[in-house]
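Okay, structure first, notes after.
A, B and C are the chain letters, set down in written order, and residue numbers restart from 1 in every chain.
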Amino acid sequence: MSKMLKKIAEPSFTVIGYVILFTLFAYVLTPLAWLFVTAFSATGSPYLEIPKEVTLDNFIRIFTEQHTKGIAGYAAHPIYMSRWIANSLFIGFATMIITIVLSAPAGYALSRLDFRGKDLLMTAILLIGFMPMTAKMLPLYRLGKLLGLIDNLLGTAIVIASGTIPTQIWIIKGFFDHIPREIEEQAWICGCGHLMTLFKVVLPAAGPGLAIVAFLSFLSGWGNFIVPLIMIYSEDLYPISLGLASIFVHNPGEIGLAIDYGSACALSVIYTIPPICIYFAFREHLMKIKLGKIEVR
Amino acid sequence: MSPLSKRVLAIIIVIAIVVVGAVTYYSFVLTKPPRKVELTLFTKAGLWADFVRGSGAIERFKERMLKEKNIEVEVKLLTAPHRGYSEKLVATLAAGTVPDVFWVSLVMIPDMVESGYVLDLTPYVEKWDEWGKFYKTIKDMIRCKGKIYAIPNDAAIIIIYYRKDIFKKAGLPVPWQPKTWEDVFEAARIIKEKVPDVKVPLSPYYGGEIQTPIFSAGGKIYDPTDGKFIVKSKEILFLFKVYYDAFYTYKVTPRELILERWDTRKLFQEGKLAILVDGTWCYSEKWGPGMAYEIPNREETVGYAYLPGSGAAGAPKYVVTMRDYAWAIGAKSEHPELAFELIKELVKPEVMSSWGYKTSHLVARADAVIGDYAKDVFLKWNTEAMEKYGVAKPLALGIRKYLKVLQDTVKKELVTEGKTPEECMEAFAAAVTAELGADRVKSKL
Amino acid sequence: MKEIKDRVKVNAKILVLTLFLIPALIILVIFQLIPTIWTIWIGFTDMALVGKKFLHYNFVGLENYIKALSDSYFWISMKVTLYYCLASLALRFLLGLAAAFYITSKAFKGKGVMAAIFLLPYIIPGAIHSYVWLSMLEPDYGTVNRVLRALNLPPQSWTYERLTESIIAVNCWAGYALAMLVLASALTSIPKEYYEISDIYGASRWFKFRKITLPLIKYPLILTLILIFKEDIDDFTYAYMFTGETPYPDYKTELISLYAYHKAFSDFELGFGCAVGFIIAIIVFVLTLLQLKMSEVRG
């Protein structure tokens, strides 16, 4: 009896499996499909429909600083759209560099040092960010003003970096932990100075870890909305997230304030490209977070 | 060298010295280098900031300052996206950074005055000859504690829209101007009978200016002499009665309109709503060409009228409620006179008229009714309406809470629970007292 | 002599390592610790952002907390938050589990592509999510309702009646990938032999799942649940984008974090907002401690 059930259950299990798979795909992909389709259509609309004409016009407009199409000039003058992209790139890379420069040595130190209260320090580092960002907004702004970080891309990157550093320290430490001390000691015995060991032996071995930290911190800077909202004032310093917010001027539930959906979607598509590229570049490494390895092939 | 050439040489040298001396004197002593000053202007990113940039106001301002006062001004444009502008403005002010000029919605002024964020502009305004050109109704609207704290930039009013085609089908006169609220209900009832596929004959206003019927009856919501809000009065009862009539007595408004938040502008476009109390911005933003709920043949289909008075003694003939946006000066600004000059440039008639035309808001001064703005029938009608019949909510501390409680009471006690106007007023009075404190409310009954 | 040299070398090394640690710690202290303490302090005052209380605020001790606990809207938003977090938790977890199965099981092909597709919403920056979904959920012409109508199902009023469900949908769409990653790595670390042995004994799929898979991924599972819950309590981006600066009359999306934000920035009651923020922070704090314990137990 159970054998017969199994015979029936097996293929239908696979069928159900495929059905669920396709539903999942639909759920995941439909919004993205709208984004993509509207970016290439001449008449953008908030509805997913096959465009009557396909054009690259939206993208060109972003880079050539012309007026967007808008009725009675409602839509924003995209004088800064290409600037926004540049700003986001800057913030992303700056965050990445600052994070790596600060957390890699810290992770290494925490991995090799041993002292009373080390566990306490590790826990404290992880817990330090427990206050929700919105409550910290005002003090953070005042602090930023004191230190001259306001309206300044570098200042924004520093603040964003300070938010991801705790997690990155933990991740990097995990990787350094996996590098046995013997390798370092061997290098010392062979006559390399400490500095050389670091650069020639340890860093390459921790390559995947550094790659992951780079990826995550870049994403953190690239996609951040709240910190730039607090800290940046000049429109030509807006990252893409703030730029999109200033284009989409409408209230929920209402549509059609002559927003230039075409350009906005084109900008959004551009917004998604770097993360996707970096993901593909680091695909194998990404999975090797301290939670274990994963084969995805 | 011969004695003659020596003398010639000497003369040439003397002339050269004189010339050089004169030139130096003129360039350094007579014309002082201009003083350098930086002003910050804070407004919303996108549409607003772009308009300021495009209008040339800043350039004209800098030119004028250089010529008239020999000051070189640098104007830094600070922005925040539309979503989050008020938070950012408030956070900036609270942290001590004071923009010299900033864009503000009038409801925030009482609180800002209280915390000392904005500069009292009354002395500046009194010396300004163009202030007389601003509409009186606007000036009344913008006074807080008797003083002026911001210069109005544009306004919008609430009026009655009606669909001319439905009116014609129901045999009602077009153009239509109701004289009392009974006229409005009468028209709605006739439509309900004669044109049954109109789902919503009447939609009374349910938004930020919900206090309109109180003004219709000639009432006030705030007494500036003792700083108290009025929570019980004949006029407030009238407001509740108007809503009650719409929903229950005449049943010309389905309750789901508010409970389920139907999109009234869309229903109007589809012809399922006949009479709509809403703001001037709908005409262009919602029903204009190319907009979301475009109505073709807008001029023939959409009619508009003043809101009626209540017909009681002491009530105004007609009423339109106003709301407004303005430029204010930060209280701790280091260059208030210059900031005021910048504002003067920003509210020049040409600039204001161009903004009004672009966004379908109304201008705040009589000499701004020029150009494209003046040619637009709708805008002109509304500007005159505002001039003649405009009333606005008082700028007093606590006004936002007052209006929010009013809105909640209409939704909960009246629409959801169906209580009588008297009961609603009781509930409203109790709620406002709880929010603002017993020492800030009073009853006029 | 050599001993002294070694000692010096060791001490120098410790010094250098400590120096490595210092910059990161300084940044953390400045940008995390100080604002946190400042915020906690504000939570004990009745400071207001605008208005009289901005200039003359008082230290009021626990009054804000008492006010919070006795405010009916606080409890309404707690209820909404609980609904939101539990629903998100269940959906994100289940979706993540399903996705993890797909990308690790033998039965389905193209796992690399599948993994990439499933990760897309997670990788895409969060600022876009709201706009995209607002268009999808538009009641009349949005894609979701169009599909519902095509299937003869009743279209829903996503942007008013079913707001909470809408933001849950967006949150799950963006966030299930976290569960997927953790669970996928956990699933692949189960040795294949267990399955093969059970196959010899003729175990059914269900049996295998219950007796082998579940127990072995228990710890990562709990870890995932904690991580997801922590994220959901804190983040109100979607709720904010869907409702705006003042709470909708019915408080349908008034998550507790959004409630704190509104109180601080719309009602200008900064002290109160910070106090509520601190309450949320304590919950996150406790959850992080739990998360740490779970990682320790497993690793």
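The definition used in the following text is that contacts are C-beta pairs under 8 Å (C-beta built on N, C-alpha and C of every residue); 3 or more make two chains touch, one makes a residue touch a chain.
If you're wondering where the values come from, they're calculated on a predicted model, not measured in any experiment.
Novice: Could you tell me which shape the graph of touching chains takes: line, ring, star, complete or other?
Specialist: complete
Novice: Which chain pair shares more contacting C-beta pairs: A-B, or A-C?
Specialist: A-C
Novice: How far is the middle of chain A from the middle of chain B, if each middle is the mean of its Cα atoms, in Å?
Specialist: Roughly 40 Å separates the two chain centres.
Novice: Where the CA atoms of chain A average out and where those of chain C average out, how many Å apart are those spots?
Specialist: 16
Novice: What are the residue numbers in chain C that touch two or more other chains?
Specialist: Chain C, residues with two or more chain partners: 49, 160, 241, 244, 270.
Novice: Listing for chain A: what residues touch at least two other chains?
Specialist: In chain A, residues 138, 245, 248, 253, 255 touch at least two other chains, as defined above.
Novice: Scan chain B for residues touching two or more other chains and write them down.
Specialist: Those would be 83-84, 91, 94, 261.
Novice: What does chain C use to touch chain A in their complex?
Specialist: 13-14, 16-18, 20-21, 23-25, 27-28, 30-36, 38-40, 42, 49, 95, 98-99, 102-104, 107-108, 111-112, 115-121, 123-129, 131-136, 138-139, 141-143, 146, 159-160, 173, 181-182, 184-186, 188-189, 204-205, 220, 234, 236-237, 241-244, 257, 260-261, 264, 270, 273-274, 277-278, 280-282, 284-285, 288-289, 292, 299
Novice: For chain A, which residues count as touching chain C in their complex?
Specialist: Chain A residues touching chain C: 2, 6, 9, 13-14, 17-18, 20-21, 24-25, 27-32, 34-35, 45-48, 101-103, 105-106, 108-110, 112-113, 123, 125-136, 138-140, 143, 147, 158-159, 161-163, 165-166, 169, 194, 219, 222-223, 225, 240-241, 244-245, 248, 251-253, 255, 264, 268, 271-272, 275-276, 279-280, 283, 287, 289-297.
Novice: Looking at the complex, which residues from chain C come into contact with chain B?
Specialist: 48-52, 54-55, 140, 157, 160-161, 241, 244-245, 249, 265-266, 268, 270
Novice: Given the complex with chain B, which residues does chain A contribute to the contact?
Specialist: 71-77, 79, 137-138, 141-142, 145, 150-151, 229-230, 233-235, 238, 242, 245-249, 253-258
Novice: Using the touch definition from the top, list the residues of chain B that touch chain C in their complex.
Specialist: By the definition above, chain B touches chain C via 83-84, 86-87, 90-91, 93-94, 108, 111-112, 114-117, 260-261, 266, 397, 407-408, 411.
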